[in-house]
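Everything on this sheet refers to the single structure shown next.
Chains: A, B, C, D and E, in written order; residue numbering restarts at 1 for each.
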Amino acid sequence: MTVLAPAARPQAAAPRTKYVIVENSPVHHAIRAACIAVAALGVLWASQLAPFRVGQFTTVFIMAIAIIGLNLVTGYTGLLSIGHSAFFGLGAYTTGVLIVKLEFAPLATIPIAMALTFVLGLLVGLPSLRIHGLYLALVTLAVAVAFPEIVRKLESLTGGAAGMVVRSRYLAPPEWTGLVRAQRGIWMFWLSAFVLVLVMILSRSLIRSRFGLMMRTVRDHEIAAAANGVGIARTKILVFGISGAITGLAGALFTMYIGALSPDGSFTLLKAIELVTGLVLGGVATQLGPLIGALAVVFLPYYTASFTTGPLSGVLFGAVLIALCFLMPEGIAGRLGLLIRRVVTVVPKDHPAPPR
Amino acid sequence: ACGSNSSAGDDPADAASAQKGSIDVENCADPDAATRKITGTLKVGWSAATSGPLADAVGNVIEGMEARFAVENAAGGVGGVKLAVVVKDDAFNPERARTNVGELIEKEKVDVLDTFGSGQLDAMSDAQNDACVPLLFGQASVPAYRDATKFPWTTEYLPSADVEMKAVVEGLKKKYPQGAKVALAANQTESGQGYANGFKNAIEGTNFTIAKEAPLTDPNTAASALKASGAPILVDAGVTTDCLALTQAIGRVGWKPETVIQPSNCADGATLYAPAGAAADGQQIMRWLKDPADAAFADDPAVKDYLQKVAANGADSPTNTYTLNGWAIADLMIDVFKSAAKAKDGLSRLSIMEAARTQDYQPPMFIDGIKFTMTQEKSLGIQAFQPFTWHADQKRFLASGDVLNAA
Amino acid sequence: MSLLEVTGLRAGYGGRDVLHGLDMQVDAGQVVVVLGANGAGKTTTMRALAGLISHRGDVTIDGAPLGRRPDEIVRQGVSLVPQGRGTLDISVLDNLRVGAAVRKDSVDEDIERWITTFPALGRRANQRAGTLSGGEQQMLAVARALMSRPRLLLCDEPSLGLAPIVVQELFATLADINRTDGTALLIVEQNAELAMDIADTVYLLEVGTIAAEGPVERFREDDTVRGAYLGY
Amino acid sequence: MLDVTDVAIHFGGVRALDGVTFGVEPGQILGLIGPNGAGKTTLFNCITRIYRPTAGTLRFDGEDLLTIAPHRLAKKGITRTFQNLALFSTLSVFENTMAGGVSQKNRGLRSRAWEILERLDLVDVALEPAAGLPFGTLKRVELARALMARPRLLLLDEPAGGLTHSEVDDLGRLLVSLRDDYGFAALLVEHHMGLVLGISDHVVALDFGQKIYEGTPAGVREDDAVVAAYLGRPKTGAREAR
Amino acid sequence: MELFVERLLAGLTNGSVYALLALALVVVYRATGTLNFAQGELALFTTFVAWWLTTLDAPVWVAIVAALIVGFVLGAAIERLLIRPVQRKNDMAVLIVALGLFTGLNSLAGLLWGSETKIMPSPFPNGLDDYVSVFGARLYGDALGVWAALIVLLGLMTLLFRRTRIGLHMRAVAANPESAALAGVRTGRILMVGWGLSGAIGALAGVLVTPLAPEQLGLTTMFHIFIAASAAALFGGLDSLPGAVVGGLTIGVLEALLSGYVSFIGGELQQTSALLIIVAILFIRPNGLFGSKRTVRV
């Protein structure tokens, strides 16, 4: 018989992708710069729209920040949370109460709102030491259910069930901006956009840091993560804290934007579900997913409602959600990522032998 | 709605502007627009939940309003200006209401706004006051908006819970001159708490005491607890869905309080009382609207007129309370528009708001002797009620006293 | 006509083919061994034949086209012992009962048979399979596949993780069912020596194609095969 | 370096380990063999604190392992591979390897990861997600990950599973040279006798949770207990290789 | 005493309501390994169907049987058409499909039958006089009926999973659909039957529950019940049938007693406190009271 070819390991199969880009090479930088430019143009364009559209985009940015917070816990660490409405609400109410009761300048409330939501995050993360999976989701659900009830109970502080109105004069742009009170809309737009960019950068560097790697190992395999030196408990608790603080930050901005808080309006379980919906539609564990998801949860119901009236809009909305999951089960950004990765590979600079 | 401690007001600038007695347009985003004469069509923009659990209620209110506007338009409109309604769904979500108010003002260029629910009103009020677009007869009863100095461009339709409860206590005083113990069932939402607090305020200084207060989260538990208090009076500080549930719950624990007071938003006898059978017998309620379904009003000319016209103009449940409310609100609006049209500069947002601030009018569908009253400083709205009692055997309400004025 | 006829089999993952057109045959009662290096596509072949991934090309069982879903294929008499842990996290006995899902007759006798063959399973009869040791799970996977009394048994590295004594036992058992029940075997096995002992034919798979095929004896004599797979 | 003393653990009625005692010297490769279900993996799990033994002590450099939090073991120098793969399936091979180094100082970690990947011939697949790679490759990824923490004691649970004969031989040579270069001790669980007996310095055999043999590799085949419980009697001489 | 018994009975009745729906959740979970977030709205929809039939003068029992059938068919169809194609690709997306169903079914009910509250007649005697006295507290026929239905259902489901072939196959599919298919289990059919069964149980829960529910039959009726039922299912241990029942009853009784006796909690923190107690218990038993521990072996 013929002599067989040496049965060594197969050669690395034909080049997997069409293009290979070396990380931080000029090409890579150029592509990145182009993307940033397009995004910046998009924001500029949005800022020129009618004020209510500007307001809508402000909501999108705020929701995107909230979803980025959720993404850290649910997307990158694999802990399903249906309690992020509570972080959003605590951030919002902290800002509201500080402005109304203690006459804080709105921006000055942000650190306090973040600190409180960070602590709440640590507390919610605590059970994750022992409780896993859907059982942990139940814990977060408890927090979501508890939040409006507690707000109602603390009537003297929060205004109880009647809610709390922060009049617009408290929310005027700070003087240094040179904007006047009537320009509150555009101020909140730029403020939210700015914070969103900051948070996106922050989340990106977090994910790429050693801690981010730990988060992802915890998600993929807890036992193996521990065996490699990842403190599971510490990681989960800290992630919940950071995530809570980011979603709380979104809540603080929300108060500044909307000026009216009510426990049954924006901070119920339904808000938590909205955040999860945004995350999954946008793309779990992706950098752009939260923004895309926020666009979806703000604009989809808006357009389904303007398309038809009454209950039919709800039917339509449900149908669109399902259709999106059919078309893109990985979420929009997830699907985009897959497509891009099929064409392009980004190779780290220190790769000894870059695949062609 | 008491206990709302919104920061509304305490702004010297706002207070000063209202002192002149008329409304100031200098702070408006676009003062010219506020005084520009309205011609052609006057648009009333709604942000309300046309989807979700409240869809039917909201839909009926709007149908009632549209029917009334259609009648007016057929008669030539308000001084030639036709009335139209624009609706945006907010799914009972304040953020959506916030967007809607902007879109209605900027894109739809509405002249007047309206909404359903206090959370949405809260989310809209600042924007709408800044833009100087009147929000008239909002379907809410948040005390903050009663103060014209703080929210000059906002008025509410629903009677304040304080006022209603005052009327309730007036009635109770007649029945129990010595005072009595009261069992209070309170819903945990904004309107439930409003009633509960309103009742507590109203019995201050009287001999009525609250023997037990129980939350309506679970009506059965509430019924057991309240029954144990042994109070002869049960006050339901609830929302529409609580009325029947509480009635059935007390029936099932075998409790028959001497007096049961239901809130005025439980006005629909057929759906909220009749199904409970004997358990609902003798329950009391405060009303301000004539009941088009009831034989007692069969000969009332206003009711006849209403029944004849409302269905003819597209509202498919004429006897529904929400339809009726929508019609009555439209009546009130038309009255406002008519007086505004008589103003020096004619029909404008400003003249509408000024007219609304001095309104004193009884829509035909209000029970005789009950008016909608406004003053420059205070939105009083509905201040009087007539007590009615449910008769289970006849399946209808019968008046059980004269109109009580709580002013 | 062969029991299993494979012509031009292509299959892969996410739009990328791993198998580039395989031709294979297994006759009734025959034992066929597939050899191949790490990553050659052996598991992919088995998964395609068991219906776990979709394939292109013609595959027939007794002349009838191969079913599309795994359970259809089991009904056609083809069972797979998957690579790695293929057990269900229910009790050991329940695993065996589920293995007989396509059968209508009594199964107690078979359960008895495999528990005696693999005493370790008997000792753990009511334990959840998820807590078994790796080797115990592997035995269970083999036993479960046999519970359906297949005409063709596909084994993807059945000896993985088994102690030498059990491996000998296993191959003796496989030879036995082949002999007494006439079950045809298609075995992917790194433990080539033992597998070739009971095999009639060998296929050598390389990067998704058949590099060589022939009777066992020819392969035993090939130096490359000996170096790579037999170790002498 | 590692002292296992009278370690016992049971799950319900199952005595998975029943008073096992032995030690590992620095730089030694100790082969741990035994029939399926003998308790080998369970012993690994006790050492890495996935299970807590019901009795007995485990000491590493004299320090009681049971007082150390499981995730500190990597920093102490104990890492392992898993019998049935416990990789981070959505991460790339490179990231999986990097994850092995989270207990280490950041400096030079990336270049170390590349070095190990080169050494294990994994550079070609470094950017591929772990899910979807062939079984044998993944076994090497586990090894790469375990090496990142500069282990002093490496626990290898059936590293040769799924490899062809020549690949097993390569692996054996690789392990020995890695041990020589990095200077770790290894506890090797493997059913591939050629590998175990070929590279171990010392062998321990377990059966039903008890030690039935401890001694030289050469002695294993002569030991009746081990042969009866584990090796069996090959029918033909040709199978001697296994 | 009377007050205590009244509260206890009220709690038990609410609890059996939660338990019924929790059983439906457990059945889906045991048969398919997923948590059905649309379970509540599915039950709502079928209850609307039953109600609608009663308005067409169908006898209550006929309406209920029809609702069960619709529930089964709907559940099975949803699995086949909406869940399965997505589940194969992404588990997380299933959650969103369920949420889409949640909104869609709710709105569809609103579209077909309006958002006004309906009154669903009870199949059991529930007149004001249809009670027996227990230590002075009244125990009504419809409450007894729900209890009985719960016990019967628990028995039937336990038999199904323990004794029948289809039950065995359901457990196999839930444990690992791929391996089950390799063993020859018709996984597709099992998944459909599992979802269908839970749809039918949900429908039963709906028609029995709504006559007792404070809000009767409205678009929001099932939401709170669903939340409580999922808490109950988890508390009992997601894969345990008796667990779901014990969980449901515990939550019902806790809610009733806490809000009745602990004045600080009052009614305002009723749900919160019940859930917090459950979370505290999960700390001690992280897989629920009766849930089986899933050991991941490495």
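We take it that contacts are C-beta pairs under 8 Å (C-beta built on N, C-alpha and C of every residue); 3 or more make two chains touch, one makes a residue touch a chain.
Nothing here was measured: the structure is a model prediction, and the numbers come from that model.
The minimum number of touch steps linking chain B to chain C comes to 2.
Using the contact threshold fixed earlier, the set of chains in contact with both chain B and chain D is A, E.
Centroid distances built from C-alpha atoms place C farthest away from chain A.
Centroid analysis (C-alpha atoms only) places B farthest from chain D. Distance from the chain D centre to the chain E centre is 48 Å, each centre being the mean of its Cα atoms.
Chain geometry summary: the mean Cα position of chain A and that of chain B are 39 Å apart. For the pair chain A and chain E, the distance between mean C-alpha positions equals 32 Å.
For chain C, residues that reach two or more other chains under the stated contact definition are 35, 37-39, 131-134, 228-229. Across the assembly, chain E contributes residues 106-107, 110, 115, 268, 270-271, 296-298 that each touch 2 or more other chains. Counting partner chains per residue, chain B has residues 51-52, 55, 188 touching two or more of them. By the touch criterion stated above, chain A contacts chain B in their complex at residues 50-52, 55-56, 59, 99-100, 149, 152, 155-156, 159-170, 182, 257-260, 262, 264-266, 301-302, 305-306, 309-311, 313-314. Within the complex formed with chain A, the residues of chain E that make contact are 35, 82, 85-86, 89-90, 92-97, 99-108, 110-111, 115, 227, 230-231, 234-235, 238, 268-272, 275-276, 278-279, 282-283, 286-288, 296, 298. Across the interface of their complex, chain C is touched by residues 11, 14, 34-38, 41-42, 83-85, 132-137, 158, 161-169, 191, 193-194, 229-232, 234-235, 238-239, 241-242 of chain D.
In the complex of the two chains, the chain B residues touching chain E come out as 51-57, 186, 188, 214-222, 224-225, 227-228, 241-242, 244-245, 249, 251-254, 271, 275, 277-279.
The residues of chain D lying in touch with chain A in their complex are 48, 50, 69-75, 79-80, 82, 86-91, 94-95, 98-100, 102-103, 106, 110-111, 114, 118, 121, 123-128, 145, 148-149, 164, 166-167.
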